[in-house]
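In what comes next, chain A is part of two complexes: it sits with chain B in the first one and with chain C in the second one.
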Partner chain A sequence: MASSQNWLLRPFQERSTQLFLGVLFTALVVVTFLHLFMPQDSALHVSAYTVTLLGKYLCYALLAVAVDLVWGYLGILSLGHGAFFALGGYAMGMYLMRQIGDRGTYGDPVLPDFMVFLNWDSLPWYWQGFDMAWFAFIMVLLAPGLLALVFGFLAFRSRVTGVYLSIITQALTFALMLAFFRNEMGFGGNNGLTDFRDILGFNLRTDATRLGLFIATGIALAIGYVICRAIVASKLGRVSIACRDAEARTRFLGYRVERVQLFVFVVSAMLAGVAGALYVPQVGIINPSEFSPLFSIEIVVWVALGGRATLYGAVIGAILVNYAKTVFTGVMPDAWLFALGGLFVLVTVFLPKGIAGLLQKRHKTKPDDDTPTRQEATA
Partner chain B sequence: MSIFQELANRDQVFDFLAPVQSPVDVRHGPILYMEDVNVSFDGFKAINNLNLTVDDGELRCIIGPNGAGKTTMMDIITGKTRPDTGSVWFGSRHNLLTKNEPDIASLGIGRKFQKPTVFEALTVFENLELAMATDKRILPTLTAIMKPEYRDRIDEVLQTIGLQELRDRLAGILSHGQKQWLEIGMLLMQKPRLLLVDEPVAGMTEQEMERTAELLTSLAGKQSVVVVEHDMGFVRSIARKVTVLHQGSVLAEGTMDQVSNDPEVIKVYLGEEA
Partner chain C sequence: MGILRSLTLLLIALASALSLPATAQEDDPGTALLTNLAEAPNSKVEEALNAIVSSGDPRARGWLEAYGNNRLSQVKNTGQVVVVLNNRGRDWKIANPLTGENMGEMSRRELDRVAINNAIRGQLGGILAMLDLNAPDPDVREASAQDMMGKVDALLVEPLEARLELEESAKVRNRIEEALAIYRVGEGDLDAVEVLAGSLHPRARASLNVAVRGDDPALAAKAKQALSTIEQKLKLNRAAETLYFGLSLGSVLVLAAIGLAITFGVMGVINMAHGELIMLGAYTTWGMQQLLPGQPGLALILSIPAGFMVAATAGIIIERSVIQYLKGRPLETLLATFGISLILQQLVRTVISPQNRTVVTPEWMSGSLVINDALSLTLNRMYVLGFALVVFAALMLIMRRTRLGLEVRAVTQNRNMARSMGIRATRVDIMTFALGSGVAGLAGVALSQLTNVGPNLGQNYIIDSFMVVVFGGVGNLWGTLIAGLSLGTINQLLEPWAGAVLAKIIVLVFIILFIQKRPMGLFPQKGRAAEG
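Moving on, here comes the complex of A and B:
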């Protein structure tokens, strides 16, 4: 049992977290080295394209960790986390749009191209301030956080849980998708926000910036992972598990279940927002398709494949599935959804605890001991 | 002038100088007071003009046939079910009908469920840790640390409920009787003023039952205990005052001998078993 007095430092004493951080940082260093110092024609060279692709996977991994926090430990199956991801992405996209300045097609110093095209003569109020990086970065946390706060407050207060909650999270992201498709919303309609030039003064098209974004994403994943672990390893984490497994009982112990749910849900939404914000400069575009209900379901599939309620399983699941998706869509683009569905069915039938469950089984010290302790079950 | 008096009144300046006062005021009567309570589910009257008072420090047994409304009564006291009419007071100060479950729990009403409910994915130790009477708000819970005195308190309760050996095992592997004990242990950790115990000995062996009886009787006096139980032998072994519930209202009240000789009671309840 972790003995640290400080809840934020506790994860660093866990072997699983040390291992995770070790692997992650090694991967960052190795990729950086292979990208910078291997000659272009070497088989070991990692191209800028691959670096950005890996950066994208790490964004998905952070998103999956956020989903696992609420689904694995709190029992809230959110099928709308794509919405928080997309909101973080749009906040970043708005900053990047304003950085374009007068270099757009129409050369307007303030208005983004799509607004000129729509004959708007001034910036809408909600675009104000996004020319400042600090403001935009706060909005990356605040926009998804506030949505989660309002949505969660209403849902948890009326004790909406289980399938009903999952359905309304789907409805939430679907409604947002329809809203963002409308040109009048002022977010670029179905084209979204794109044609970004630079971020914090660095040209987005240079290899160095791409590498920097990849490393920043890796660090964000590490921080997000540690925050989630810290919550999970705290007494609040145990209360979350209590809410997940026996909500009524938890209430009768004096815990305000709806507040526990709200707190964890908001933290998770903010992490998803950060993932979205790092995703947008790397893929170069944000459009309403990130709000699509299907995308939110895909995230849950990554977590299920990796192994629910382990956090690192979510990372493994996100990276593996998206790698498979990259390979698969290259070969047979139309068959991807069937492959994903098939994989999901296979794993739920044969590996109910996901890949993490498989790893845990192999590391079990006493295979004949069939009465697991908490360490084996969740650590 | 009055400012000086206020300042001189040390009780109000320093918390620790104030006389320890329970938040529950029982100077003017019972610890639990229910009057004319009615509950119906889709037209079916589960609780029908129920009147019940429990004195401070009392050990009260409640018996009654299946469906008599015993569990529903506990649901009302703990805020899970809202009655259609009536009033429910905890001491003379707290109107329970205006409060929700966590508030009622924090006031000092602990509950053991009919179907034992423990947190199966947590260890026995952690189950007791969560039940402990501490600050249950979000941030204090997030930053909570396991102080040595907490650990001692938990170990003490583990001793009482005889689960020391299973301290670090998941509660999910416990037998039915052990889960009952763990839930009683969780009640003890809460240090409630009033314990509501719904069928504590279901699934227990004769020996375990005896220990439960000992434990519950030892609690009475310091705390008030309301026990719902079907096992007549068990009730007889602990009962001082028994209330018989039937079709949502009180049919009889008195000592075990009194109620078991009551013709009404014999007709509706004990008659089935005799």
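Moving on, here comes the complex of A and C:
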């Protein structure tokens, strides 16, 4: 590994990354091919609905990778990553709202429908600039990034870790959920933002745009994965793993633990924001329920099922659990919470290393240099 | 037709002859009083009414009410005054006003309504209130005096003053004085303003406000002064009310969090299903009330041990089946117990109902304690507050004074050492977890009296409970009590100007910032336990 000096290129020399990227791109190409070139009535045809559904799964996968980065490699169990996801989603939603223009129900050229409905006469200051795509896309990164920066700065500086941090992150997303439910906040309250039309000039309701979004999500996942791998494999990543396993010792060795934690936390929040931003145009709505503590804790279970501290495990877990959710809620909606609750219990008690752990046990081919050392060994 | 009428008359004659001997009828002073009223010319009506009032007859109230409702009539032939019970149709149901006895029906043509004019009707309310002022029960007298505030007119002044002379109860005297003062302020009396300065009744404020806007500058100035005194007092009362609501909310938080303070604080087990254990306690109360229909009070009292047992059993099952395998892995424990909370919620939805269930509040818990005109405290919140304190005291006793408490403290401070001293650590784990869970069940029983009982009940409290424990300092029961009460009060103080939701957000943000400043909470553990 030391052969390459460029830390960003290093991941491409790892077999696991090569394999992951290979599978991901093959899947993207196959789905695109089956969607475009198979006749509608063929059994192999992938409908636009399925394409969007798969795009949604990929968004969740990117979110899970972001959570795995902080949980698996930094030892911070964030129960509030849904907040960063939702903030990215709201930034994108605001851009999409402004793109509606005068095609809304009330036909106001500037104000979104819900503001007209609430008798607001002008756009609040924080809505300014969202008519420009570049500005909105920067905000997709900045809004969650800034929140993570401020929150992380305060938390890590005073050495809040472990369970305390988990509970505080949960309180954070809970507080944000309550706040976004308020109409006075100017984010559509209960109903959130919806009724989108265009993105970058493309009609959101056409199959071609949906396919484009799906491919874009796949590429974003690939980039996010490579960035995380690069961080993990870098010197900073090593320090971060050291923080996870023995925070006090790392500090005594002279590393500025809180800076490492802050950096990784902010990167992870931004990735979650991107996932949210890609999610919103595909599902067509963003509302405060994305902030709910339940959603945030669900993400953690995807990662736990897939296997913590492997990154690809997070992707597998996210896709599997969400596929199961789609099936369950369609067939027997009442059973879903039983299944999800059971999953929480079974994974933590019987499968502490997740599916990735099972895979690794099967083929002990490569010496995985970042097999998770149990944090508890030092706790 | 004629036959029917004569038959009715005959019946009435028979009835009256049978029920009341004529002599008794004539001896009754009521007969004269009522006949006097019925036959009085317009100018003498007032006199006749006064005669009835001053007679002190206990039936006077009924007569005057009937009179005010146009239900007093005089039989044309006999001159007897009767009460009309039902005046629909041609034949009216009538009753004897002296005995209250039913007198059957009589054609309306036989009856002559005792006339009442609007001037008299206007005074009747005051006269009726005067009647109550003579009641033997001081509470009735006070209520009637209060009723009179703002309704006193020139005619009532004299009887009221007379009553004031006789009145013995201080409460009632105050009320009568206030009622008189309201009238006198209207008349421009400067001294009356002084009397009203101490009153919290809205009518007193209303009359002073009128005086402030009036033409008399001296009166206006004085009234303004009195108003500001009242305003001060009101502020004090409002503060007391906020404090009460704050303490009440705080006691709910303490109840919800105190079990967690045991399982999380003392044992270090993160139990995200704690909220669902609260929910189980609340559903136990509901179940008890279903088992004992018609006796909500008894059911509620029985629910206290039952709720404890149900939640404690559930806690033991959770500890044995899951938590014991995750010892020393707090984050995994958090996830697994969260899974359990989802399962329990869905279980209640599937087995009972996704809808909220109603739990009846027993009679002795409803209503409120009236301190003064501006302040009344609801009883159910008072009971919950007391219950929270009792539960807290009991837990303190268990932890400080019993063998179990000693063993719990020993095991949490140094598990291996405790075991080598012969303490069965596993058994202590189970007992402690059962205790914490049982207390959650007790919280559920109490909460069922304040909020809706539904599958989401626990979810609403879990984050708050953790906040309270973390804010108070983990492993410290006193910290939990103080944190809970103060967070509840802060929340209530913020609510008037921030709104309920924003107040909650502010409190959450405050705790988040507080934890960053003092990661170990208000009362951090000291010594060896802190390092564990």
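Observations on the structure shown:
Convention: the second predicted complex is superposed on the first by the 362 of 379 C-alpha atoms of A that agree within 3 Å, B and C clash if a C-alpha of one lies under 4 Å from a C-alpha of the other, contacts with A are read in each partner's own complex, and residues count from 1 in each chain.
Basically, a residue touches a chain if its C-beta (ideal position, glycine included) is under 8 Å from a C-beta of that chain, and two chains touch if they have at least 3 such contacts.
These numbers come from a predicted model, not from an experiment.
By the touch criterion stated above, A:G342 is placed in contact with chain C alone, chain B being left untouched. Applying the stated contact rule after C-alpha superposition, one finds that A:D334 touches chain C and leaves chain B untouched. Contact with chain B, but none with chain C, is seen for A:K235 once the two complexes are overlaid on the shared chain. Of the two partner chains, chain B is the only one that A:V260 touches; chain C does not reach it. Number of chain A residues touched is higher for C, counting chain B against chain C. Of the two partner chains placed by the overlay, only chain B lies in contact with A:D245; chain C stays clear of it.
Contacts of A:P293 after superposition on the shared chain: chain C is touched, whereas chain B is not. The residues of chain A shared by its contacts with chain B and with chain C are 374. Contacts from chain C toward chain A in the complex involve residues 270, 322, 325-326, 328-336, 338-343, 345-347, 349-350, 463, 466-467, 470, 501-502, 504-505, 508-509, 511-513, 515-517, 519. Those residues of chain A that touch chain B in the complex are listed here as 1, 5, 7, 231, 234-236, 238-239, 241-242, 244-246, 248-257, 259-260, 263, 371-374, 377-378.
Per the touch definition, chain A reaches chain C in the complex via residues 77, 151, 154-155, 157-160, 162-164, 166-168, 170-172, 174-175, 178-179, 181-182, 293, 297, 300-301, 304, 334, 337-338, 340-345, 347-349, 352, 374-376, 379.
Interface of chain B with chain A (complex): residues 78, 80, 100-102, 105-106, 110-111, 113, 117-123, 126, 129-131, 136-138, 141-146, 168-170, 173, 186, 190.
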